[in-house]
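Quick one: the structure is below, and I'll ask about it shortly.
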Amino acid sequence: MTTPLLDHAVRMHGLQKSFGAVRVLHGVDLTVERGQAAFIIGPSGSGKSTLLRCVNSLESYDGGELWVDGYLVGAERRGDRWIEASATLTASRRARIGMVFQRFNLFPNMTALENVTAGLRMVLKQESKQAFERGRELLARVGLANRADSYPSQLSGGQQQRVAIARAIAANPSIVLFDEPTSALDPELVGEVLAVMRDLARDGMTMLIVTHEISFAEEVGDVVHFIDGGKVAESGSPSAVIRHSNNPRTAEFLARIRKPG
Amino acid sequence: MTTTTDIESSRTTGPGPRIHRRPGARIFSTAVAVLAIAVVLGIAGIVVGSGTIHWEIIAQYFFAPVMLNGVATTLMLTVVSLAASAVLGTLLAAMRISGNPVLRTIASAYIWFFRGTPLLVQIVFWFNLGLFLPRLDIAGFTISTNSLITPTTAALLGLFLNVSAFMCEVIRGGLLAVDTGQTEAALSIGMTPRRALLRIVLPQAIRVILPAAGNLAIDLLKATSLVYVIGTKEILGTVQGIAAQNFYVIEMLIVASLWYLVLVSVASLGQSWLEARLARGIGAAQPPAARPNL
Amino acid sequence: TPFKVETNMKATADLASRLPSDIKAKGVLNGATTDGNAPWSFIDQATGKPAGVDADLINEAAKRLGLTVNWSDVQFTAGIPGVQSGRFDFYVSAMADTLAREKVVDFIAYSKEGSGVIVPKGNPQKIAKMEDLCGKKVSIVTGSLFPDIVKKLNETCSTPVALTETADQTGPYLAVASGQADATMNTYGVSNYTLKTATEGIQTKLELSPVALFAPANQGIAFSKTTPDLLAALAGTMQGMVEDGTYKKIMDKWQVGDGALNPILINAALF
Amino acid sequence: MTTTTDIESSRTTGPGPRIHRRPGARIFSTAVAVLAIAVVLGIAGIVVGSGTIHWEIIAQYFFAPVMLNGVATTLMLTVVSLAASAVLGTLLAAMRISGNPVLRTIASAYIWFFRGTPLLVQIVFWFNLGLFLPRLDIAGFTISTNSLITPTTAALLGLFLNVSAFMCEVIRGGLLAVDTGQTEAALSIGMTPRRALLRIVLPQAIRVILPAAGNLAIDLLKATSLVYVIGTKEILGTVQGIAAQNFYVIEMLIVASLWYLVLVSVASLGQSWLEARLARGIGAAQPPAARPNL
Amino acid sequence: MTTPLLDHAVRMHGLQKSFGAVRVLHGVDLTVERGQAAFIIGPSGSGKSTLLRCVNSLESYDGGELWVDGYLVGAERRGDRWIEASATLTASRRARIGMVFQRFNLFPNMTALENVTAGLRMVLKQESKQAFERGRELLARVGLANRADSYPSQLSGGQQQRVAIARAIAANPSIVLFDEPTSALDPELVGEVLAVMRDLARDGMTMLIVTHEISFAEEVGDVVHFIDGGKVAESGSPSAVIRHSNNPRTAEFLARIRKPG
């Protein structure tokens, strides 16, 4: 696959999305550079999940442009018309985008190793031996070398989420999307997942992360986008957005998150 | 696969393009619809065009009083045995989920037996109970079994006992579908287990039970046709009796089919209506309807 | 010229020459019958093949025409449409030839049957004439002619007959044996044969009442109205069997000689 | 209600008391068990003691070759039409949950028709297809419909098309029971929607489908008895044929019942075994089995 | 109902509980005084939920004594033998104990007002009018006066949990049990629930609260019990347990909770 010249991992321009009559995304402009750890924060219902789901084509969008790794995602051009992408095109684009879900969504009937290598074996059609070798490497990277043969039901929430991360990065994606990866975890188990994500960021993995873990965003983020009402309300370095924001909505939101009660 | 126009351009101003639905899906839909209509019309054309069917016979018998009697009997058998089985089925379901192994075993054995033997056999058995038990002694009175067990009683008894076994499973499924948290919340406000079951769990279980019970009712509607072996004249028995006289067998079977289609459709509509009614105020509390992206 | 079926027309041996050529070429007649009407038609459990008067008569007639019969055992519900659709060349099962039925199929009438009343052994209800059935429970087979007879009887009864029906031949016998019904009606030949040959089973608990035989009817073999030539050939051949005595021998063998017809008739409904 | 001994004492040392199970429950269990056994024995006693049943006839016919043939036919009809309906049922289920309204409507109409008309009528219709369509032209060859549609073909066709409508609903229920997250995860690793359905969703749906499909199989096992009208001799047809000869009607019905009980029990055991097998490694991932405190 | 002389709202002594072969509670001694806001903290799987469930008789226990409001709960004495309490006795005891669940467990087919008054109407057999009057007061107290006729599905998580709290206190219980009442909530919604609990504590409601919200325990708690491995490992004032604990397990647990990762 030839790498396009542009440096953007993700670029969206004027992205719009409605569910029936309700418009959820009101024209989002957002760019993620290669190697960035980009965070999205914002109030509940502001459209953060919908945005990530559009990037991964789990939702279609109604207008705007969405480029991942230099390729149009979710749409095709036919002359002047932009039309929804076909299922096969979407699948091939998606193979280069990893996604980690809030509720892990591991395949319960597969072991950790089988989960991690499912894409390699079933989509990329690698041979089992080769795929499993790579799978073990990945599991080692998330600190689960010794749990390769465990089923998800035999793993703690934190371990399940680490397997899910390994699965998401298995096919060397250009970007990994995280949708509140720790919010379904017991507080005690949050740390181990954040540790893995911190390592990935350090290794230069491009990541787009929706989270409520503000201090983690501050520590690890290259850039933070604050989304409100289906638009990017503010973008900037973590310290700019989180510590020194002038935007009253941002301040209000952060106050509510920080000091419960 | 990737055309050059899909490589990122650097345009970042102006409103983004509108994304249109793929036309392919619409074309495919239309093609399939046309094909389906063609198949249905084709079959209808063959059946009608063959000229073998005497439509006037169908018209003549569809609303004949004897047919309407048959329909009424079918309905009566269905409604009565369904209602009775709701009671026995609930009892059996409560037994099956109880902590008491003896009750569980009894309920399981009941279900095994009544699900395991054909309804036909059960109906014939009850009809001929007098063969084994010429008279019943109830509270000092002796009564001849045969005067107690009319064909209708036998039919109802057979249908009711049989369908109760299925109803039990339906109700049990409904009870298990209600989150345990509901029972716990009910207990925590001081309800006894029995009251929690009746006042909190059952009303919610109904939403799960109804669709399955609807299926059961539809099956039962058609299963009642079996009672014609003991001479209870419901829809199928009636048309067969007529067909044996006039030999318009296919026509009379069509009459029966049409009646069953009508009854089943009405039953399905009633079921949907009830489900919608019961979902009031609850709808959104359920997990959003699955949207398999397939 | 195609054969024209006329009411009460008598079969003659020369009709035998009318066998359609395609059937002659195949050498096979597809016949359907329903089990459970001994001695007329039933499946011999030993051989699994149809046996009884119907099978003996038709097998013999077919043989004379150079054919063999490929029998199927189906219910009435499949038998009549089967004849209409050409799946079967004929359907036979101790059926009465009636005017209503002649609108749909053609019959070769090959025997005459009256009906009798069957009661539990010892006739506990002392049923000796039709009127004794008033107020009693009578069980019969669905689709038979008896409901009309009972309806007529009820016009003279103070308390009407309580009529129940069952789907197959064994049902009424079972009902009478279990006391569920006081009596049943059936064609004389069937009752007589069943009760006489019984050595075990529920029918040993039953007997024929002294009620006089009633509702005489001709029994017929049903053919599609589209195959008059086949009917003609078979009817003619059977007439030949009447004339050379084979027919009577078969009827006597199954103890139904009383109902023998001479000649064989076509579409000979009595009501 | 509160006895003085239940008022708090101030003892706080030493190990706490052991808490014993309530004896009441045990006494109640025993009483119910005794009663149930008495009822079953009582019924058995009446049936056996009446002396009306000829057990030797039952024994004689149970393993008779003609019975075994009937059993084999029942099994063949069940297995073949169930297997075929799994394919058509899956297709229909995929149509019913698809986003395409045309496909959905077609599938719904199919289900409405085949669930709404009695199986008996459907079987008779296929058996007599030649009435409407005397010959079929397939790829230039003309073939008589009646020679193509043997009684067995008609039976299988009727059962298969009918049970497919029910199978569709069972499979659809299974597909909907799999969390959407599974589909999304499958798509996110690059699977096409079809592959996600076949490789990820279906294997998990099987666990939900199997119990319901087991019930369907059991119903089908008994529903096959209807084909006796077109002369296919399965269990019920066989015993009715024998009973028409020897007039041991009740005995032969018992023979049929016993065979059905055997087949249904074996089918149930097979189903449990399969369910257990499929649950391997998944068990604990499911929500813990509901423990209604009732 | 006569109030016994003793001042304990809850007192347990040597409470033992096994699930099959696995012993979960290894002899718990714990006392809650009237008017206390007592917190239970401890690692996942240490038996916190099981303990609360025993107090409310949602689980039976195998040994030990458990007194609530001076009455034996979950057991009866027959001479020298202690046996499980009957279902009716348990129900009557339970009516005096409120419980708030992690997942709210509101009755979905009842409005907020009907939920709050379910116990008054169906158990205490109060007349509807009187019960609904009290129900409205309770809803006002948790700040939901205007949502009386909403169904749970029409309420946010935080609002649902506040309704659940109103339901738990409706029958004037001697104690209210909370099992991680905020852990199923979006971070933004946690505050409103804690605010209601803070008010209850201020009003002198006796409460036994399992939570991971350490700062809330510190702020509101009269006493904090640290449970580890099915035993009370440490008890004391919030500052003693949370700030100045000598127990290494406590310190380790708090470290993990505080600094994710």
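Lettered A, B, C, D and E in written order, each chain numbered from 1.
Criterion: a contact is a pair of C-beta atoms (placed from the backbone, for glycine too) under 8 Å apart; a residue touches a chain by one contact, two chains touch by 3 or more.
Being a predicted model, the structure only gives us computed values, none of them experimental.
In summary, the chains found to touch both subunit A and subunit C are B, D.
When C-beta pairs in contact are tallied for every pair of chains, the largest tally goes to B-D. Ranking every chain by how far its Cα centroid lies from the centroid of subunit A, the top place goes to C.
Averaging Cα coordinates per chain places subunit A and subunit E 38 Å apart.
Note: centroid distance subunit A to subunit D, computed from Cα atoms, is 44 Å.
Subunit B and subunit C, compared by their mean Cα positions, are separated by 40 Å.
Distance between subunit C and subunit E, defined via averaged C-alpha coordinates, is recorded as 82 Å.
Listed for subunit E are residues 58, 92, each touching two or more other chains.
Residue positions 77, 81, 84-85, 168, 174 of subunit C each touch two or more of the other chains. Shown for subunit D are the residues in touch with two or more other chains, namely 120, 124, 128, 131, 184, 187, 193-194, 249-250, 293. Applying the touch criterion to all chain pairs gives A-B, A-D, A-E, B-C, B-D, B-E, C-D, D-E. The touching residues of subunit B, when paired with subunit E in their complex, are 179, 181-182, 184-195, 199-200, 203-204, 281-285.
Those residues of subunit E lying in contact with subunit B across their complex are 56-58, 87-88, 91-92, 94-99, 101, 103, 105-109, 111, 118-119, 122-124, 151-154, 164, 167-168, 170-171. Residue ranges on subunit B touching subunit D, taken from their complex, read 25, 28-30, 32-33, 36, 40, 46-47, 50, 52, 94, 97-103, 105-106, 112-113, 115-121, 124-125, 128, 131-133, 169, 175-176, 180, 183-184, 187, 193-194, 196-197, 201, 215, 218-219, 222, 225, 236, 249-250, 253-254, 256-257, 260-261, 264-265, 268, 290-294. Touching subunit C in their complex are the following residues of subunit D: 54, 66, 120, 124, 127-131, 134, 146, 151, 228-231, 233, 240-250.
By the touch criterion stated above, subunit D contacts subunit E in their complex at residues 1-3, 5-8, 10-12, 14-24, 293.
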